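In the two assemblies presented below, chain A is common to both, partnered first by chain B and then by chain C.
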Partner chain A sequence: MECVFGLVGKDFTLVVADTSAVHSILVHKSNEDKIMLLDSHKLMGASGEAGDRVQFTEYIQKNVALYQFRNGISLTTAAAANFTRGELATALRKNPYSVNILLAGYDKETGPSLYYIDYIASVHKVDKAAFGYGSYFSLAMMDRHYRGDMTVEEAVDLADKCIMEIRSRLVVAPPNFVIKIVDKDGAREYAWRESVKDVPVPAA
Partner chain B sequence: MSIFEYNGSALVAMVGKNCFAIASDRRLGVQLQTIATDFQKIYQIHGKLFIGLAGLATDAQTLYQRLVFRHKLYQLREERDMKPETFASLVSAVLYEKRFGPYFCQPVIAGLGDEDKPFICTMDSIGAKELAKDFVVAGTASESLYGACEAMFKPDMEPEDLFETISQALLSSVDRDCLSGWGGHVYVVTPTEVTERILKGRMD
Partner chain C sequence: MARYDRAITVFSPDGHLFQVEYALEAVRKGNAAVGVRGTDTIVLGVEKKSTAKLQDSRSVRKIVSLDDHIALACAGLKADARVLINRARIECQSHRLTVEDPVTVEYITRYIAGLQQKYTQSGGVRPFGLSTLIVGFDPYTGVPSLYQTDPSGTFSAWKANATGRNSNSMREFLEKNYKETSGQETVKLAIRALLEVVESGGKNIEVAVMTKEHGLQQLEEAEIDAVVAEIEAEKAAAEAAKKAPPKET
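What follows is the complex of A and B.
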């Protein structure tokens, strides 16, 4: 039900996630942000059990910040990915986290990168990846249209194609998606793709 | 589906005339879905020692990190590289430590020992060593690999011949296994050089 996918472009990485928070048959909210900013140049898109997702990604985010405070420089994307894998692997046989992660980052020396991190702590550097039922559609779409040097417009177009497939072919398709991008200028939200707008609740 | 078949793998090592070859497939999958087609399963421990890890990818990565750690400590203390026979005993011990909560991996170890005599062995997930004079296999395609290797193997092959034989054995075996494949990765090691080659087989 939760769809997260990402791809690496010419000098940026794109991560797209659905934004529904669901419990059984109930949709609690449709504007839940599942792509966390780890630091200025890293994004962590996560899918899985709700509590684990928030707790684990926040834990990683705070540890990445701690490293920067202690050492005065940021972690590279590869280091952050391996740290995340280490935490998942240590917890795996004690108290496992059910969170699948796509870690996207931009490093000055090595450029954009995307890491696939399974809930059982398998890590692999990839050009494109996806989790969840939506992966059956988004991976196929990306396999067909992805090239190694896409511009932002082309990549977002491909992301839109994937979202269109998910919306039309997945039976419990999430209505809304958020697209985030990370490049040399940092990690930021790029766009939302909404088909159902959450009505904002006025403060009490 | 068994936990050993979760990611999919095929590994084979063969002995030649004063040389050995070790080969693996390149698929990383999550059950029926393929995640990547460039996943590394063979690692170099030192100049003349290689270990391939079949089975669950997360445990293969954890086990590799632990073994490299142990070998680096050994190098610092002994001021030399580990002999393949010693390394095999180390792997066996590390695996048996987790006898009642094992790593779901099957290692294939290949190296040049004293006087550059080729050494190969495999073991099960709890460290039962299986030494062989000709070839060893591991992974989801192991049954096909046994058959192919038995048919194609000849003793005392030269490196070029050995490369051809191990490549054909690997490719024909993974073609009968849906969980492994997407090309091959072959290392041929002689006392003077290490040749790494990528094979292109049926990409499915």
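What follows is the complex of A and C.
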């Protein structure tokens, strides 16, 4: 029931992901951050098998960092997306990773971008995308309300509409979401949308 | 003695590894490099041989980053340096991936030294012809460190050290003039050591400063010139003071 979706705005890209880590009927934690900071200006939201998700995204993150040290310059978002896709493709017919990825980035020359990379290594550059059961609802919402050139407020408002749909219509809807944004100032957390919070219990 | 330098896996009768010693000769011919550790700053300085007119000097960076908090300067065969630096950079990221911690300066030094040693005890290879100066801050304690490795694969920590051409004169200078410094004072000490053996001027030295907050920052030619000017002024003042009042008794 993992939900990840994203959209490109005027000069930023937004990525939203649910934050529950689930194993069968048990919710391990509801504040699991599934959107990784790939580098200063890239976000990688991932959904899929828990072990693969962390292993694969960390592997990509370290390779992106290595590229930067070797070459003194960061990878573009397109290059990072193609590298990620290449790694998925190489492993696909041997030892496939079950991870779906939304890669959001901001490049000085080309502005904001969003790449849809699914677990069988197809890659598409898109304006809006979503994975998981939540995609039935968030994609429909975005198709209805998305425009090119949205401001941050408008985009977050649209994200909230999508979260509302997921919460009300998905049978086992995740309670909490995290919204992250990447623009010319870098990639950072924007907000959380929590409906269930862990209350710290005082010691006996 | 010529018999003992073809395959480096052999010792000479008097216990020498000649290939390693010849590699040290290559280092001695390389450009001068100096490293100074301050309390909150570490400075690396390297001699820049005059760049050819048509060469783009920006493509010849002699002080490199291995990770956000580790930098390296070297003296000797630059092509060999590329190989070692590449392996070290991979190891820095690999360490972060497997244990989710950045490397300590000692760890990466040990790794590089280990690589250099491997090539003194393998068939059909020659040792790396370079000595490195590795600097960085411990990612948790924030303590600054300076290490040196050489072609034999030995490494040790230093407060200040020099390698490459005329390293003995620079080391002598540092031994005489070293004291605990911080910030700009550390930069000055490093440049003063380098100026002992290098023609003065921003064009002939490359200096990089590492701090905990800002990581590695390469100094611009203008900044280096400014410090050099300061140093010359201080030297001139000291000379004048020595000559001026001889009869005070």
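Convention: the second predicted complex is superposed on the first by the 198 of 204 C-alpha atoms of A that agree within 3 Å, B and C clash if a C-alpha of one lies under 4 Å from a C-alpha of the other, contacts with A are read in each partner's own complex, and residues count from 1 in each chain.
Methods note: a contact is a pair of C-beta atoms (placed from the backbone, for glycine too) under 8 Å apart; a residue touches a chain by one contact, two chains touch by 3 or more.
Being a predicted model, the structure only gives us computed values, none of them experimental.
When the two structures are aligned on the shared chain, A:W192 is found in touch with neither chain B nor chain C. Partner contacting the larger number of chain A residues, of chain B and chain C: B. Once the two complexes are laid over each other on the shared chain, residue contacts for A:V126 go to chain B alone; chain C is not touched. Within the superposed three-chain model, A:R70 lies in touch with chain C and out of touch with chain B [touch as defined at top].
When the two structures are aligned on the shared chain, A:D118 is found in touch with chain B, with no touch to chain C. Look at A:Y59: by the touch rule set out above, it reaches chain C but stays clear of chain B.
Once both structures are placed on chain A, no chain A residue is touched by chain B and, in the other complex, by chain C. Residues 58-59, 62-63, 65-66, 69-70, 72 of chain A are the ones touching chain C in the complex.
Per the touch definition, chain B reaches chain A in the complex via residues 7, 28, 30, 33, 35-36, 39, 56-58, 61-62, 101. Those residues of chain A that touch chain B in the complex are listed here as 85, 89, 92-93, 116, 118, 120-124, 126, 129, 135-136, 139.
Interface of chain C with chain A (complex): residues 61, 65-67, 86, 89-90, 92-94, 96-97.
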